[in-house]
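A, B, C and D are the chain letters, set down in written order, and residue numbers restart from 1 in every chain.
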Amino acid sequence: MTVGESSTASVGWNREQMARRAALDIPDGAYVNLGIGIPEQVAQYVPEGREVIYHTENGLLGMGVPPDVGEGDPELINAGKRPVTAIPGAAYFHHADSFSMIRGGHIDICVLGAMQVSQNGDLANWSTGLADAIPAVGGAMDLVAGVKTIYIITQHCTKTGDPKLVKSCSYPLTGKAVVSRIFTDLAVIDVTSEGLKLVELAPGIDPDYVQQKTGCELIVAGWQ
Amino acid sequence: MTVGESSTASVGWNREQMARRAALDIPDGAYVNLGIGIPEQVAQYVPEGREVIYHTENGLLGMGVPPDVGEGDPELINAGKRPVTAIPGAAYFHHADSFSMIRGGHIDICVLGAMQVSQNGDLANWSTGLADAIPAVGGAMDLVAGVKTIYIITQHCTKTGDPKLVKSCSYPLTGKAVVSRIFTDLAVIDVTSEGLKLVELAPGIDPDYVQQKTGCELIVAGWQ
Amino acid sequence: MIDKRVDSAAQAVADIFDGATVMIGGFGEAGSPIELIHALIDLGAKALTVVNNNTGSGHVGLAALIENHQVARMVCSYPRTANSTVFPDLYRRGEIELELVPQGTLAERIRAGGAGIPAFYTATSVGTPLGEGKEVRSFDGRDYVLEYGLKADFALLKCARADRYGNLVFNKTARNFGPIMAMAAGTTIVQASALMELGEIDPEVVVTPGIFVNRVVTVANPALESVLVNDGRAYP
Amino acid sequence: MIDKRVDSAAQAVADIFDGATVMIGGFGEAGSPIELIHALIDLGAKALTVVNNNTGSGHVGLAALIENHQVARMVCSYPRTANSTVFPDLYRRGEIELELVPQGTLAERIRAGGAGIPAFYTATSVGTPLGEGKEVRSFDGRDYVLEYGLKADFALLKCARADRYGNLVFNKTARNFGPIMAMAAGTTIVQASALMELGEIDPEVVVTPGIFVNRVVTVANPALESVLVNDGRAYP
């Protein structure tokens, strides 16, 4: 399969590779909140030698790996309601304190999934806006409003091939101009004041292909 | 000495008796904050059989008696910065939590001193308003704005014989319409929607005498 | 004497009235006071407004309360669960109202309600559908929405240990909404897994001071929602 | 690796700059980080805005910092002490500014600053001179004033125990402003009486999670302000 074919089944990065790539951008000493789904996997791939503290908004700083099957406490869970552990040096706190960490700008990085990201960094990731959908927002709006740096991990296009990086989001917004960097199966893209800028390509992908799969103009100036 | 003489040196209640009288109005189970000075003494005189929990706004619920001389921890103090103890069942907390108890209406009774109380319950107890005075308010404004019931213990008149219960406070206010009941050396007086109402007299004091020492009309209807 | 202990969950919730606003602690099953919720189902109070982060799972606990048509209105941030259609079904049929609040705004509104703060500003939801219709104000060049403190008539909470003054400590991430709901409710009702003597909880580690708590009932071995759901249980 | 330990108080405060806003923990001597304050006197940074409940006592700690003409402006609730004329003298001579804030409003403003709340409403000070000029708004028929969140460049705090992540626990009523100032400062500097290994502080009893702390210096036997004052000591 070569670049330019419509199926993306095996081009670019797979989910694990996307998480691995995002993990490279988590610096030593960072306080990090990881969204449910692929973002959660980022923790597994942070390069050795970096000490990173994970925050889960339900009330734990210093979240560790999941417990072994059959182990764990049903009251020690993450924001996705899955069992986790606490590392030495962890702390528990209530929801208002937890969201003070978020709203007050104390968390360095949050990695989230996306339904759409616009060229100015607007994020839509909580609702299709369909009439019969049950709206559910959780902590997404607080995270994007409060965390210093928002990273997005997402497939470049929807399952039906529509671009998720767009001029303007058609889905209800989670926050306006909040995204810093986007990790997709095809590329790493920064949100800049001039628009979306290509930073890195997945192996075998070229800028034209990424542009073709993107719903707004990509800045590729200086790209080799 | 008989009622009506200008010296009040030995008429009415003394400071201990004022504190004793106020203590009668602290019910079993109350959460109470006591101001510095005579109000502090109230705790000694709460009738036996009543369990009262004392809050000190610097961060302790369940304040106990002062430690023996030479005992105590210099970091276990009350709002007057004097050493105290903590009873079994006490709790420490930070200032924002402590004033949440106050502002949120969780404290039942606060007993404070006064420079002036007006007939509608305005309280002045923090500043003379003089140009060279160093203004200092502490928690007084928070307490009167937040605690359910504000009791005042005060001499009926100033050292120079001026009434402290007045039509309208001339000193800067601590809060408007906040006082419920006033315990003076001469009487117990309630703040009602019609004005200050005589509730009880110190031994040997008659209503006319109290009225004479009061800067606004006293309701004495029904008084024997 | 201050003794906030009551003998049974039934007694603890007995005065919850039709139309009351009830905050229910828990994030998922962590901290969910399932025995108190079941007592509220037994009591049958109706037309409740319930504040909880979620809408329960399976057919027990909060989901069962909703399924029993006792809840007229939910205030929550995430009314979806993988294993329950109770809320979605009622919502789609128009039989239950929903006030959707971002999770951090929900927490801060509850904390404000308990702290005597009638309103505050937050950047969360600005420029989104959940910010629509809200008063917007700019501070230092950034827009914020005005949000209001949230209070309740009752709170139902679960904790690990309590004493007769109502001092509480929680278990791990079951702490979540407990301390702030305790502050925001007129009557705070707690089920404790263990009851301690006064002084057995170190004053340095008390999480919720007793001033915020009205009733404590000991439920030594509380049911786990996930276990009940996996067993296919329904309440009542 | 996350290691917030620094070797000395001097090193901990070395980047405090002229004109900085510095929150200093403590209520009276309880929680007063006297060694950090003395290091700030040695450093000599000037034109500081200092946020503290009081203005110090005697001629040590905060009073000495003020006496050394390093403070241009105090934000506090109670700038009087029985045993210090340092602040009153400078204030009467017009050599130091004062922003007087009710104690609970001060605490809530600091907490708001740390929690990302730019402003909130409180009933405290309504109808008083301290409420004059403030925006008033009515909620449910009661008047409230608008108050703004308060942040600082630095916080200087004292705690009982800390670990290398910056997790803190305090001693009794020395907790006072520590946890909220830690949240509100860009750089939070803490003197700990004891340094613990990671995990030695139970996650259930951490009062200030390390995310709010930047530097920890161990001061094993901190001086007591009252002892220094009684001994007639002055700093430097």
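Convention: contacts are C-beta pairs under 8 Å (C-beta built on N, C-alpha and C of every residue); 3 or more make two chains touch, one makes a residue touch a chain.
This structure is a prediction, so every number in the text was calculated from the model and none was measured.
Chain pairs B-C and A-C differ in how many C-beta pairs they share in contact, with the greater number at A-C. Centres computed as Cα averages put chain B at a distance of 37 Å from chain C. Separating the centre of chain B from that of chain D, both taken as means of CA atoms, is a distance of 30 Å.
Looking at chain C, residues 108, 111, 115-117, 122-123, 170, 172, 203-204 sit in touch with two or more other chains. Annotation for chain B: residues touching 2 or more other chains are 60, 86, 92-93, 96, 99, 102-103, 146. Taken as a contact graph, the chains fit none of the simple arrangements: neither line, ring, star nor complete graph.
Chain pairs that touch, as defined above: A-C, A-D, B-C, B-D, C-D.
Remark: chain B residues 28-29, 31, 51, 53, 55, 60-62, 86-93, 96, 99-107, 146 touch chain C in the complex.
Looking at the complex, you find that chain C touches chain B at residues 1-2, 111, 113-117, 163-165, 167, 183, 197-199, 201, 203-204, 206, 209-212. Of all the residues in chain A, the ones that touch chain C in their complex are 56-60, 73-77, 81, 86, 92-96, 98-99, 102-103, 127, 129, 132, 134-142, 145-146, 172-176.
Against chain A, in their complex, chain C makes its touches with residues 27-31, 77-80, 87-88, 91-92, 98, 100, 102-108, 110-111, 122-130, 170-180, 207, 224, 226.
Contacts from chain C toward chain D in the complex involve residues 108, 112, 115-123, 137, 139-140, 142, 144, 148, 169-170, 172, 203-205.
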